[in-house]
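Naming follows writing order (A, B, C and D), and every chain is counted from residue 1.
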Amino acid sequence: MPFILVLILASGAVTAYLPLSERRIRDLGVVVAAVSSVLAVYIALPAFGVFVGEQSLVTGPTGVFGPGSLWYLDSLAAMMLSLIALISLSSAVISHRYLAHEFREKIVSLTDIRHYYSMVPLFVASMYVATLSNNVGLLWIALEATTLSTTLLVAFYRKRSAIEAAWKYVLLCSLGISLGLVGVLLITYAAGQNGANSSLLLSTFRDIVAAGGVNTDLIKWAFVFLFIGIGTKVGFVPMHAWLPDAHSKTPSPVSALLSGTLLNVAFVSLLRFRQVTDMALMDDGAWTGKFFLVFGCLSIVVPALIMVIQKNYKRLLAYSSIEHMGLMAFAIGLGPAGIIPAVMHLPGHALLKSSLFVGAGEIFLTYKTTDSAPVTDVWKRLPKTAVLFLLTLLMLLAVPPSAVFVSEMIMVGFGLRDYLLPTLLVVVALTVVFVAMLRHIYTMFFSAPTVNTVLTNGAVEKWNVTHVVMTIQLIAAAVLGIFYLTPKGLEIMVGIAQSLNSGLL
Amino acid sequence: MMTTFTSSEVTTISLAVSFLLCAFLGSGKFRLGQIVRYYALQSLFLAGLLISLAAYGDKHLYLSALGVIIFKVILIPAIISTNAKRSSASGRLTSFVRPAPSYFVSGGTLLLAVLAGMSIAPALQETDLILTVTAFAAMFLGGAMMAVRRDLYSQIIGFFTLENGIAILAAATLGAIPLLAEIGIFLTITIGALLMSVLSRRLKELYAVEDTGELRELVD
Amino acid sequence: MSMSTLAIALVISVVGTLVAGLVAFWPDPRAHRASNILLAVSAACGAIVGILIATGDGLLLVLPEALYPAAADGSAHVWPLFYGMVFGLDRFSAIFYSLMSVVTLLVAIYAIPYYEDHAETYSKPGANALTALFVLGMQGVLLSTNIFGFMTFWEIISVTSFFLIMAGGSIASRKAGFLFLIVTHLGAGAIMSGLFLLSGGALLSDFSVIALITPELPQATLYAALVLLLFGFGSKAGLVPFHVWLPEAYSEAPVPVSALMSGAGVNLTVYGFLRVLLFMLPGVPMWFVLTVVILGVISAMVGVLYAVLERDVKRLLAYASIETMGLIFAMIGVGLLAGQEGSTDLTQAALYAALFMVAAHALFMSGLFLASGIMIATVHSRRLEAMGGLAKRLPLFSGAVCVLALSAALMPPFAPFMAEWSFLQAVVGALTEATPMLKVALAVIMAAVGFVAGLALFAMVKLYAIGFLANPRSDEAAAAIEPKPIFMLPVVVLAALGLLLGLFSPLVLNRIGAVDLAPADLDMQVLATGGGELAPLTLFLVMAGILLALFLLRRLLSDVTFERNYQTWDCGQPTTPRMEYTATAFSAPIRYFFRFFLRAQKVVTSTPLTPNNPWVASRTMSLLVSQVWYDRLYAPIGSGLTRLSGLVGRLQNGSVQFYISLILLALLVTLIVAL
Amino acid sequence: MNPIVLTIIQIVVVLLIAPLSVGLTRFFKARFQGRHGAVPWLPYLTYATMLKKENVISSSGSWMLRATPYAVLGSALFLALVLPLVATGGVLAASSNFIVVAAVLALGSAFLVMGGLDTGSAFGGMGSSREMTIVSLLEPTIILTFAAFALATGSSAVDGMIAGSQMAGELLITAPYLSLSLLALMLVALAENARYPVDDEATHLELTMVREAMILDYSGPYLAMMEYAAALKFTVFALLVANFAMPTPLIMTSSTLLEVLLAIGATFVKLGVVMFAVALLESTIAKMRFYRVQEFLTGAFFMALTGLALALLSQLL
């Protein structure tokens, strides 16, 4: 089944080079995205049974596809699949309008659009593979493929800064991922030491490690390489340098995908490896938890500080992505029960952040620059986008009805029990982020119009597809927030968390 | 092709040492042609090492040695040099450190690699020490090259030296990785090389930029 | 009134507020009136329910149960939403609920004409919706009985009031908004952390459950929780080191909003603080009680001193609010201190005095803010200097404001005096057999309360006299006309309520449970505590009687009825309104007497008019009251943060090699540290 | 003798002798300064004539200008009714709680200040600002003084303080530590009634007068009421201080006709003595510059504070 999914997306990539008109390519892009999303959700359905409550919450160690298969699907992967499906579909719909607008204004040529519509399906395909793959080698290849497929997208606008961002992106991420490869090799070697098995299946690793007798300090070496390697892809602080450049230079639909799904996919794969390490070390995640706690705190405080002096609204959103990844890592670091708030936080952040990047794209189309200084008086010139952007931003900054509020409250609750000082540091950093982002956006939205903002002749902004997508994702996040409050919601989230740590309550 | 079984350890060690020598020498050179040639030589020794390991180890290593020869000895150097020639990049490479002290830096990284190798050795019981040390040495040399050199192409070569180090580690510990994964890794590496050289060619043609020192626009 | 009807009325009040918020966005121009009327009606419902429960004997209204009769097997009906959370109103929260509802009712009525007159600065739908949400947040905080509900609605309050403060759209309101946001968000984080510390991280534990857990909490977490909660509630109440946002926020917010925030919003901090201290914690350590007392006293003094100096009406009222909050926290502190030292009747008297002061504060402060709205509307400026002469032109309105000002100055027949009286009398009563340490503390407290009461009188007399009396100092003031009756109604009602609450304070106190402060056997006419009694009603009758007698005597003794109007005596030099005493001049002696603390710089520039005669010169005087707290405490933190973030920003310096070495370094360091 | 009669006797006596007190001080001061001085009962005549005079009201004043005389005289009358001046245990004694007394005093001064400001002249403004400063800075001193007395005598109603000590003989002998508080009370009395170190009630020099400036613009019956209120307050304070010093000859519910006459006579004597003392004080010391009054007020405050501390200490011994 997943083969068909990859096949469809690959064919989508190929058709981009057919001799069709620019409009046809864009329509085709949307069709391919729609079909692949529906198929992805269809694949995830068996694990969705979890939500309907027929099956037991945890689909057992073998996952839906049975023991030896190349793919592994459990409730966490099902959630990730549906997230990627939704956001890739919304990104395709947005890029249909976005590229049409750019093409009309002669910013992008037809070959660029062909490149775009060949790279994006490949990127989405590699994310699907990375989420589903049970084979460690395939997982590594998929992660590397995500980097390679998005490099050209980062260098999409032929500007010098875009190519610089692409160069840094490909170099740093490839370096990170190759360190990850070292970790993968060491963990396979450790798992294969007693029985000479050469299968690279994560599920078999789990069985071998659960049986015990594995060389623990080799596993520790492996986990360090894995954490730093894949951590670069997730964007933890000392390895985050590529993220603000890459996410602010790509066209907005792609940066919505990057921030919304790619970071989460890398984070989930890191959690998969962490599960194997925890089983080997039998210490219920204490040793690995330290990593997540320390890097999590770093990844919250440093972006919070940089956001105070940030001058570019897309980089601001990119730093906010780093901060939210840090929050999730911090939650994981709080102990075995910390997985629940992290898993709750993941969809909330994905939905809201991608919607914010889409909104930023809309602002970019009108103001032609991502620097915040020239962007003024957005409230009057783009009223619909501004209202939606502000509401989504508030939801992201954990204002009650949003899912992020629930997860952050649980996180602080658990954090205070045993890590008082780091949690207080995180709460203060959250306040700094809250104020920095809101002040940045507020000065953009409500400042007096400077001379160059009177570009369009006062044409009132019409209700276009961007607003539809933003409203849908806003409502989805709010409904998710309310859903977490119902006992059913909490039960399902605990079910998803159990797929990472079966020993959970 | 020495097939004598008894002297296989001797051949692997000698091949590993010569691989390390090429990597070490390559790290000191400042002409594009030279470092590409040293990289090709280094990959050749890697292939030899794989063959010697295959002699008493897993039969798949022959295939991976073949893969190394096709991809790393022929294809990647070709991609890099054609791209450099077509964008008429000047062969001279720049670095934060002048040629003489750069050997000193490589020496330092070698020492660090030996230290790392020694500390991980007890964990990897079967694999012999020399191979792990050479793997770590290649990785650290590649890393140092990427960190110290200023121009684009030497960073690519540094990255691929690091890649070779990982390949040795893979061969030393796991013997042979299943075919699917092996091919996958080779393909991704070549696409990586392709992309990096395309980017450096675009930078050279559109903005006459060869030195990453000029790529410092994205600052907070 | 059976429980279910009460519950239905309560639900109507909450749902009504929500609907009022939604109605605000109705495109129809009448939506503005409809939304406010709906808000007023639901607030009225809330007030009735609140009063009934507060004065009812031990009524406890628990929402889901009260609405649906318990299921057959006795298992209470579990609400599907909010993890089956329970919302309820007990006697303690009912007092605050009724107070908040009364203030909301009157502010909603006031808002109808206000926003119509200020249509060009405030967008009506936005303001109405946000106010409705704000009220909903307050209702939620009072109704919720567990941490999650409490924090959710607390966050709603801080976000909606942030947007309401910025409704004006001016740069100053934006600066005030963000200062408010920083302090309240940090405060909310502190409260959340404090509550979680107490409940051991459980998100949904009921307040009563926490009360069971707290006794075994280790000393360190209890102390950490107390410090966090004091900071959280103290910063929102405006206690001194964190008060800097309050004058900015209250003066920039639209008048109905600042009335709502000062009248009802601030009371929630007292509610939360007392809910934690009295209902959740077994006992409170001595150092904590002393900090609360000291903080309260300092806030009262600083608040009143700046209120005396202030020349902007709304900022003056904001500082007066800080002063009253300081007094309230001091009373609570003394109550707890007495509890520690064993004189129990002082504890009860002090706590109920604090509660009564909260009620009185809600009435007179919201009344004064609404009145300041009218004053500013007539004069189009917030400066007291531009007012004057309003009493002659708006007699009825100035009468109501005079009543409000006198009640704010803790003058006899009004409610705040009764609270201050019962507190001071209890303190004097407790002096005799208190332990030495408590004696010293009580003596200092009495001196402080006296000092604050005196200067509060100074500030309020200044507000009323400079604002209303003498000749108008601007032509808008000269052209002032009596405001529309709907504007006047809330102000007059609040003034009357303040008086009624004062007169019937023994009855009210007895009904809300202060049994030995207002004993039933004296047919609830007398406040008796600490060896002294006070019968408010008889006191009022005596004063009225005397005034009446004087009026008759004057009519009797001097049959002069004719009043000849003539200009004020001016020793031959015709006086102009500019010669009158303004707020700055009136508060000059206090500014001089407390110059070491206030550090107000007075700059007098004189420019000679004629070149050869230096004596003939026009002098201009400007006064800069330096915000000690802002310059010493807030500015350094702000600049420190920006410097630090500049430092961290350099991490992103653009060179690829630096990033690569960062990654490798991270790898090496983790390898060394972790293995 | 039931309480109502007591209160009536007290109010009649106090109302009658009020103008006399002002007259006496002026008479004694004149004699100290070697002048013949006016007859002591001159104020009776001035107030009577003023009541007949035409009432000229400033055009810039509002209803506050007309309400102030009633409020000021009302508060003075309230004190006269409530406090134990001639008789203790009167019908209104219950509401003579010292906090209420302090508050009513402040209320009276507040209205006086507002009346002064309402005329809109610079003199009224200056007088009001100074009077308000004095009143607000006196508030803590009054509370602490009476608190000390309440602590010593056990009752916080001023009436109870005097009545309690009356049965137990002279107050000062039984509780010597209260002498400091009594001194503080005297300072308060001087400041409240615009007496010498703080303000000179006879001056008309614009820059120095405090209370006089506020009633500058009244005339006719209103001026009479204001002057009479000042005189009444002065008598009330004088008798109160005298009673605290020497509480014995006060009329009680149990006293016979003879004792009543004796008490009334004693009131005259007390008044005379106090007026003599005030006149002596006013002739010997100079008036303080207003901006040094702060030291006077802080002095009074710390005296009251130490008085209270002594009272607390005395409890322990």
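Here is the rule we go by: a residue touches a chain if its C-beta (ideal position, glycine included) is under 8 Å from a C-beta of that chain, and two chains touch if they have at least 3 such contacts.
For clarity, every value in this text was computed on a predicted model and none was experimentally measured.
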item: By mean Cα position, the chain sitting nearest the middle; value: C
item: Maximum inter-chain contact count - chain pair; value: C-D
item: Chain B-chain C separation of Cα centroids, rounded to whole Å; value: 71
item: Inter-centroid spacing, chain D versus chain C (mean Cα positions, whole Å); value: 37
item: Centroid spacing, where centroids are CA-atom means, of chain A and chain D in whole angstrom; value: 80
item: Length of the line joining the C-alpha centres of chain A and chain B, rounded to whole Å; value: 32
item: In chain A, residues with contacts to at least two other chains; value: 167-168, 171, 175, 217, 221, 244, 306, 309
item: Multi-partner residues of chain C (at least 2 other chains); value: 649, 651-652, 656, 660, 671, 675
item: Shared interface positions of chain B, touching two or more other chains; value: 143, 146, 155, 212, 215, 217-218, 220
item: Which pairs of chains touch, using the document's own definition; value: A-B, A-C, B-C, C-D
item: Chain B partner contacts - residues on chain A that touch it in the complex; value: 135, 137-138, 140-141, 144-145, 148, 151-152, 155, 158, 160-161, 163-168, 170-171, 174-175, 178, 181-182, 185-186, 188-190, 192-193, 198-200, 215, 217-218, 221, 244-245, 248-249, 306, 309-310, 315
item: Residues on chain D engaged by chain C in the complex (per definition of touch); value: 51-64, 70-71, 73-74, 77-78, 81, 92, 94-95, 97, 99-100, 103-104, 106-107, 110, 113-114, 117-122, 124-126, 128-130, 132-133, 135-144, 147, 150-151, 154-157, 216-217, 220-221, 224-225, 290-291, 294, 301, 305, 308-309, 312, 315-316
item: Residue ranges of chain C touching chain B (in the complex, touch as defined); value: 649, 651-657, 660-661, 664, 671, 675
item: Partner chain A, residues of chain C touching it in the complex; value: 80-84, 148, 151-153, 155-156, 159, 166, 169, 174, 178, 181-182, 185-186, 189-190, 192-193, 196-197, 200-203, 221, 224, 641-642, 644-646, 648-649, 651-652, 656, 658-660, 662-663, 665-667, 670-671, 674-675
item: For the chain B and chain C complex, residues of the former touching the latter; value: 96, 116, 119, 143, 146-150, 155, 212-213, 215-220
